[in-house]
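Have a look at the structure that comes next, please.
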C-alpha cells in the first residue's frame, strides 16, 4: 500500500502530526498503532491537567485524546490498529504486521516517528533483594487499574518523585488502597509541583525526600521494603539509616526512556542526552524525510507541548512531501552548558524557521531566579529572565528567529546564568 | 504404583526422565515448585563447559566430556537454542599462565578436543573488548551456551509426550521403604514407586537422609548475576572466564544464546536453601570481577539481577549411585557445575544404574524424540504468512522487545507441560525477558493467561504459588 | 508553570498574594474556606472495548465528600455505547455535581 505519509504511533503525538499534515494538503496518510485503539498513553491517564494550553480547558487524558480521535475520524486518515512496525527500509518502506493481514508493507514518501516512551525498570536502578510479585512500574499499575479495572495491591510504597508515581499514589488511595509514602532519592520533586500538591498534599501522602528503597523482600509476594536515607549532595545511601516497612506492593516511578528501538534499528542518529533522535527545527531526523515528535524525541511533562511539537513535525513532513523544505545553509547546532541537560531541536536552519522559534530544554538541577542566555562566539544574542527552573518542568523558550540572522552554520550556545546575589 | 519416581524436575531430573521415557515404564517426576525448572536450573550461567576443568578420573570429568558433544543433536531434537561459541580462560599473571597449562593438561587427560593456549593477540582477535592486560588464554572451541530453562522444559515435555507423569507443588516430606519399593509422602498425597531417583538439587542430601544413613552433605552456595541488555553484546562474543580458584570457575562474562550478556556468579555459602535474593555487596563483586575481563563492560544497561543456588557436595564430585542400604534408591546429588553440561550424559549413566538395579528396560517402539516449538520471528516470510493465515494470533505481537506473538504464548499455555504463570511464559517464549521487563507486555500476557485458562485475573500468579499479582477488580 | 500562592488569614479577612491572575485569587480563598477537588476515576461498563470507562466529576466537589463520591462512582454499572460528556450520575450527594464519562466507549 502506498501513502504520502505514514505516522508510527497513534497517540497524541502521532495524531497531531497526522492532522497537521492533513491540514497542510497531504490527504494520503496512515497511522500505524500497536494498541487496539488510538489515544496512546492518554487512555490510561484518566486524571485531569491536560489541554490548558491547547484547548484552554482542563481536560482528562482520555478527553484530550478523544478530541484528536474525533478530528482524525473527520478526515481520510487511515488507521492500522493492533498493528506493529517491524522495520523501516532506507527507501521509507515500512514492514508492518497485524493479525488480520499478517506481514505486509506500507510505502511512504515521508514518515513521522511518534512511538512515545517506556518506563525504567527495577533492574535499571538496581534494587537488591528477592524478586517477589507485587513490584510494578507505575505505568503498568496504571494500565491494570485504569484500563483493565484490576487492583494491584493493598499497602503500597512508591519509589520516585516522577509524575506517574504521584498520580498513582492518589489513584490508589481513591481506590481504597493505602500508600505508606512516596520515596524520592532527590531533595526536590522530579515531577510537576502541581502534582505534589494535588496528589500528595491533598491526600495526606508523605513524600520522603533524600531517601531510597535499598531492598525489596518477600518469598512469593512483596512482604517488606528497606528504606534508607541518602546524602543530599552525593545521593549515596547513609549506612545505619535503614528502616523496614511492611507492605505488599512497590510502585516504581523512576524515569521514562524514549522508545527508539525502531529508530536505532533503522540507523537514525540518537542523542545520548535525550535518548531520542537528533532533530532539526523541522523535527526531521538524520534520515531524510523521517521526522519525529513527542516523547520519542524527549520525555515531555505536558501533552500540550507534545501537540505543538508534533504539529511542527506534521507541517514539515507535508512541506517535505511537497518539496518545500530547503537545506541551503549549514545548520546551526546548539551547545548547552551551565546546568542545561539538553535543547530540542538540536540544530536548525534559520531559513526554515517561522518568525518565532520555540526551543525546548531541561535543566539538570534547580535554579532560583536566573537567565537563559543565548550566545554565538562571545556575543550575546538574547537574555531571558526566569523565576524558577527545575528538572521536572520542561522549559519552552520562544525567541525571535531574527536573532540568528547572518549566523548560518555557527554553533549557538545556551546556558543558565543564576541571578547575581545582591 | 510407579516403576520409577524421579524427585526433581530440574535439568538433571528432566534429562533422566526423558531417557527413561524411551522404555516401557510407569514413570513420574515430582517437583516442589510451581513449574518445572524452578530451582538451580533456571538461575545459572547457561554455559555448556568444554570439560577441561574437572579433575580427571572424577564423574564430573567423565560426564562433562561425554555430555558436551551431545548438545548439538539434543538441542536440535528439542528445538532448544544452543551456540557452540567457544570459551577462554584468561590469565593476567605468570602464575595464572601456569594454571592455564595445568588446565590444558587436565583437558587433554579428559579427552577434550581442540584446546590450545593462545596469546593475547589471538584473544583480542576473537574478543576485541577483552582486557589487553591479559597475558594468555586457554581457548576451548567446544564450549557453548544454551537456554537452560527451555532445555529443561523441553526435556520434561518430551518425557510427558512419551508417557511420563509429573506432579508440581509436590514437596517430599518423608519416604518409607515398603515391600515393593518406596512410599513417598507429601502434603499433596503419597506416591508408590519401585525405584526412586533423587535429583533434588540443593535438597538432595535431605532426600537421601529420608531413606538411608547420611554419607554426604550439600552446602548450598548462592551465585548472583547481572543480565545485560542486548545492546551490550558488542563487548562479548563467546565466554570469558578468569583463572579458576578454590571457589570455582569464578566470575565470568558470557554472551547468552539469545544475545544478552550474563555477568557472574559469585559463590557464597547460604544456609537458606531457597534463598534467591541479591545483595548490593555481592553484585559489586560481580562488577569488579567482570571489569577485569572486559574493562568497558558497564551494568548501566542491566535488565535483570538474579541469583541461583548451587548444590556443593561434600565429596567434591557428583554423587550418582544406587544407595547401599536402600536398594533401587538412586542418588543423583551434588550436581553443581558442570551439571548442565553433563546432564545428557548423566541421564545415560543413570539409565545404566537403573538397569543394574534390576529394573527391566524394554524400549518403546513409538518413542518420539522430537519437541517442536515455533519461534515466529525465526520462520521464513512464507512460513510466517501461512501461519498467520491459519491462526491470526500469530500476527499479533504481544512482547514488543523480543517480538513474541500471541500465537506463541497461547501455544505455551496448551502444551504437554502448560505454562500457567507469567514467569513460566517468560521462561518458555521470552515475553518479559527484554528491555521493558514485562512493563508493556505484562498486562497483555496476564489477559491471555486468564482467558485461556478460564480464570479470574487475580488467580494468575507471577511464579510461585502465592505470588499473586492483582488483588481483584477495582469495583 | 503555576504560581506559588501565599494565603494570609486574619480573622475573617483572607488575603491572597503571589497569584498572576484573578482565578488564582479565587482558588487561594477557596482552598482555605471551602476546598474542592475534581475526582477522576473509572466506572464499570458492559459491552465496551475495556471493562471500565474513565469518568470524572464535571465540577470540583467539596473535599470532604471525595470518598463518598468514589462510592457513587463505584456503584455505577454502565452500558456501552457511551459518548464523552454523557452524564451518568446527576447531582450526586446533593452537590449539583454530575459524573460524566470522559471518552467514547
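Lettered A, B and C in written order, each chain numbered from 1.
Everything below uses one rule, namely that a contact is a pair of C-beta atoms (placed from the backbone, for glycine too) under 8 Å apart; a residue touches a chain by one contact, two chains touch by 3 or more.
Keep in mind it's a predicted model, so treat the numbers as computed, not measured.
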item: Furthest chain, CA centroid comparison against chain B; value: C
item: Most centrally placed chain, judged by C-alpha centres; value: A
item: Selected interface, B-C versus A-B, where C-beta contact pairs are more numerous; value: A-B
item: Whole-Å gap separating chain A and chain C, where each centre is the average of the chain's CA atoms; value: 26
item: Chain A and chain B: spacing of chain centres that average the CA atoms, whole Å; value: 40
item: Between chain C and chain B, distance of the C-alpha-averaged centres to the nearest whole Å; value: 54
item: Of all residues in chain C, the ones touching two or more other chains; value: 42, 44, 51-52
item: Contacts with two or more other chains, residues of chain A listed in rising order; value: 145, 147-149, 175
item: Numbers and ranges of chain B residues touching at least 2 other chains; value: 473-475
item: Chain A partner contacts - residues on chain B that touch it in the complex; value: 227, 274, 276-280, 283, 299, 302-306, 381, 384-385, 388-389, 392-397, 400-401, 403, 406, 435-440, 442-443, 447, 457-458, 461-475
item: Residues of chain A that touch chain C when the two form their complex; value: 36-37, 39, 43, 46-48, 58-63, 65-66, 69, 145-149, 174-176, 192-194, 198, 202, 393
item: Complex contact set, residues of chain C against chain B; value: 42-44, 51-52, 73-74
item: Contact footprint of chain C on chain B as seen in their complex; value: 473-475
item: Chain B-facing residues of chain A, complex; value: 34, 82, 84, 86, 97-103, 118-119, 121-124, 126, 128-134, 137, 139-140, 143-145, 147-154, 175, 214, 217, 219-221, 261
